[in-house]
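One structure below.
As written, the chains take the letters A, B, C, D, E and F, and residue 1 is the first residue of each chain.
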């Protein structure tokens, strides 16, 4: 039995709460159980220098964690004077995931920045971030469309993410912190609404794992992500 | 008439929501109208090096603002690689304000860190932070008392803060962002439950102001802070 | 009796020595007793980016302290790689104080930078800096006027600053370091030649203080600043 | 036909040159075609603070690229004042890959640091680094064994890495820079000598890819890594 | 007898290997015994801001050392977040030395950057860098000439460098690390092919030295540099 | 005729003013004409980590320049977040020069830090710093001796420094800024009271110079330094 007592293929309770920010053009407070991430989208920023004059747009993300979001307080990155390698890995992943479902030429020469800030952490902050960021991005694009800032259809598909792991030899879905700490392997999957793979990141924590085990994790992820995409659809309907 | 249509001596709707963080030993989500700050207290940290062996404790604060808390997205301080002068001024002010009502020898050689993170900004983030931080500090101390980590009484009084300003020549209480941007003067007051002055910071924005005007701001602040202290009392009752 | 043996309302011996720098367009070596600050004004710098095209000018200040200005050597900020929160607070205060008496549109789209560098510290470095910076600013503006770089009258008033504190329960003027270290409260006042309040910063060090005590500090400050303004007038006459 | 004219399942010419550094306890100059990485192992460093007293050892890696290793000169990270997110991702990956085949308790409370510095870059620098780093690690461990610094068997298996990608719809092995720039998908695989999966990182560059395509990449990687492991065996034989 | 057993006026075996980088416009792997430095030249960069519009070009250098180039691993400067004072001194010296033999107006408004990265260190890394950098610069200029990017003759002379020191009271040429560590004085000389002095840097390590001793060092340097210039001529012939 | 109208072998008016700092254990305001440097010595600091337990002491220096010391305001290094390469070169030079005349074992395991801060710059700030730093060091050692903090004789000799250059083909002593900017060569010499050479740094600015020219610079430096040492003797007599 896994620590959370959930069935191996059970997600934590997931909620996507839209329009939680007064100022942002799109926003979503996503909860994967006790992991809570505030995603805000800022629309209409200028594109980065290397895209000036290209006619193409850009979607990027930044990630942060409040110092006491985790169980033990961590040092504030602004005070430390730099973002950790982990932070940079995660924000690059979120950005790539969103760009995989965005038509950047259709966006025109504008940038949308998604800030994902973890208010409370209990494992899976990057997968919750991607899942919620899609909603914030969706709403920012709708906001831009309403102002005729975009000509074509920018959002080509849904995208969501979930983690899987091997716990006590068994493949389990959506690990919380306690499970993640003791898992033998940990994998994050980013998959679109139509089932296309955007990112796969699997890591052996203690022992290398087998092809068969990896295939089980992939299958489990597909069932979890299908549910998350359904929830996204309900949320923005 | 001030932009917010409030009476000159009217606070915005203020709420103090306790125990909003799963991990922190004390926490409070404070709302001054559309300004929302999450305050979390971390208890039992080691004291800073200069207090090692002194037998005295320490209370300190850190302040941050999510990039899209304000109306225009601001650069993430962790990405910029340093905290702005404004951030440092504010977190030093919060720390001093809390220490003014804490009995540090009674705390023993332990540190309590209060993180104040602005989720949404509409003026008055430092005064909301101080007011909410007191609640988080209160609950962290209670948590420590329940574990016999403290011998004496650490919290000696309430402390709360509010801003006042001169708008169109008139003294008004608790400025929101729109009012703050156009005020002729801006002052922040930190006052205890028993009426003692902890901090006064008054700044002329356009023209220097008179003694009489300053005295009006001070009076207004006293009435506002009395209400905030009442609310703190109800909250932790 | 206060440690310095001065009467409660007595300033330290104050001197303002003009034109001490061969290169700067305005300069002043200000001494408040054993606190010595070199203030140099650089005229004709380009305005910060956010004022480009506005037609308005800008006056700003930077503050620093030589490592062995204080009694115990402090780490060189250039070696530490950043300015402390205290340094940033002080230089922001100096800049605001000077701008309160400057007509920025009359300056035209130019910037004047005042560097205040503490050569020797014995308490009150920020108030000495403001008082001396006014002289450096005055002389830089005269230099610009002589070169027809300014059309109108930029300097609208005098501005000076002084600290007051509660020592042994009594209000005393212009604390030196020994007095400041043991004061129960510490307040800095920035007031113009015509008596307008520019900045008030009062802080309780040990116990919160009363309204009556604060009013005494304010009164004392007014008498001190009136003397400092007189000295400024004599200096630039 | 892929740009390099290689068969889809053909590695570039790979060489592993041992003992290329006069000072390092283990070293390897690895060449994957025109990608050249110098891997040096430093043995016997103290463990990081969090392992003090644990009796366990640590293996970690740092990664760098000479400014003119790539075709266009990139800014020196030491001059920029920080390591990029990409650099940090890669060095974390190398470290995890090596630890997956190291028995850390058997190492005892010592640290081995592997520096991977890219002298010339033509795609696949992270996979070449991992493959060469194993040789440097192997030789450092042998060096320690010869000095009785280790009791048990530290190196439990081989580990090597290779990239695969979808180029023109076809799965191809070991992409060079020209191929990588135009690939539709890019995946890096880290696999042990006995076929266990250590890391899988697949990223869609333009379009999400299918499960079938991903499975092809994985298969291709296994054949490439098997050859790399054979070469490692010959090298240290 | 000096530790290396070489005659007092004997250089270590020196080799200059050209065209060792696939991408750089000029490159040289220079070996002074066990000191190995990779020098790569990047041609055609834009000039620094202060030369924009001047019609003059610029030649500059950057210097780095791989962490395990020295006998004891040193911290990676990119990880430390800054270049040491020593690194900056050396790269400024290399740049000045090359500019002393370059006709910058003839280069036109273009910049050549020479990166000198120490792969293995055994004393004399700065002198080896200068000697090898000249070859990389030469080849980059030839590359530019072949593309008609330069009108006149840019390279006016050869330039090379060598260290000398007082070991056991005797002047010796080209110190390796062991000799350098125990020398009483250490001097670096940069001299052109026609015998002009570009840089002299002499430092007493233990005791100040006499004029006569310094003159001996200078003489020794001249004989060493003459040999290095001969080798440069053979290399680029 | 050189711009300053001085004879080729004439120093600028030099003054050494002792005991100018209330707090420092030794201090000297040195003036080489319009170049003014405040040197303060801090005695009794703990030695750097690598000397702990060695029984030896250390003498080191830090160098800084006030932003408006030069003719054009330069950016404050504390605000820039790092010390320039030039600053680091100079402070390393000052430290080495002082250590050359200090008996570090006699000092015992204590550190003396000399801060050299340029209040006004007109060329030769590093040579003025060394010359004044010796006086500050001397007085700090006397202060320590008076407190029986040192057993033996720490200061073994005088040390002073001066620059020379080739101006219009002629060797001239002690260049001011205008001369330095147009010199064909620039050399700094650090020489002891007994004539031993501590540091020689000669740099060709436009054309390499000849051995004969260098010998002239050296001779000129010796006459200048002899006068500076005489002045040091008078100052501390």
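We take it that a residue touches a chain if its C-beta (ideal position, glycine included) is under 8 Å from a C-beta of that chain, and two chains touch if they have at least 3 such contacts.
Predicted model only: the values in this text are computed from it and were never measured.
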Chains touching both subunit D and subunit E: none
Steps needed, at minimum, to go from subunit B to subunit F via contacts: 2
Intersection of the contact lists for subunit C and subunit E: F
Identity of the chain that, by mean CA position, is farthest from subunit C: D
Distance between the centres, which are taken as Cα means, of subunit D and subunit A, whole angstrom: 27
Computed distance of Cα centres, subunit E from subunit B, in Å: 59
Inter-chain centre distance, subunit A versus subunit C - centres from mean C-alpha coordinates, in Å: 50
Contacts with 2+ other chains: residues of subunit A: 81-83
Neighbour-by-neighbour ring order, given that subunit A leads and subunit B comes next: A, B, C, F, E, D
Touching residues (chain side subunit E, partner subunit D) in the complex: 21-24, 27, 34, 38, 40, 42, 45, 62, 64, 66-71, 73, 76-83, 87, 113, 115, 117, 119-122
Contact set on subunit C toward subunit B in their complex: 82-85, 88-89, 91-92, 96, 100-101, 157, 187, 191-192, 194-204, 207-211, 214, 218
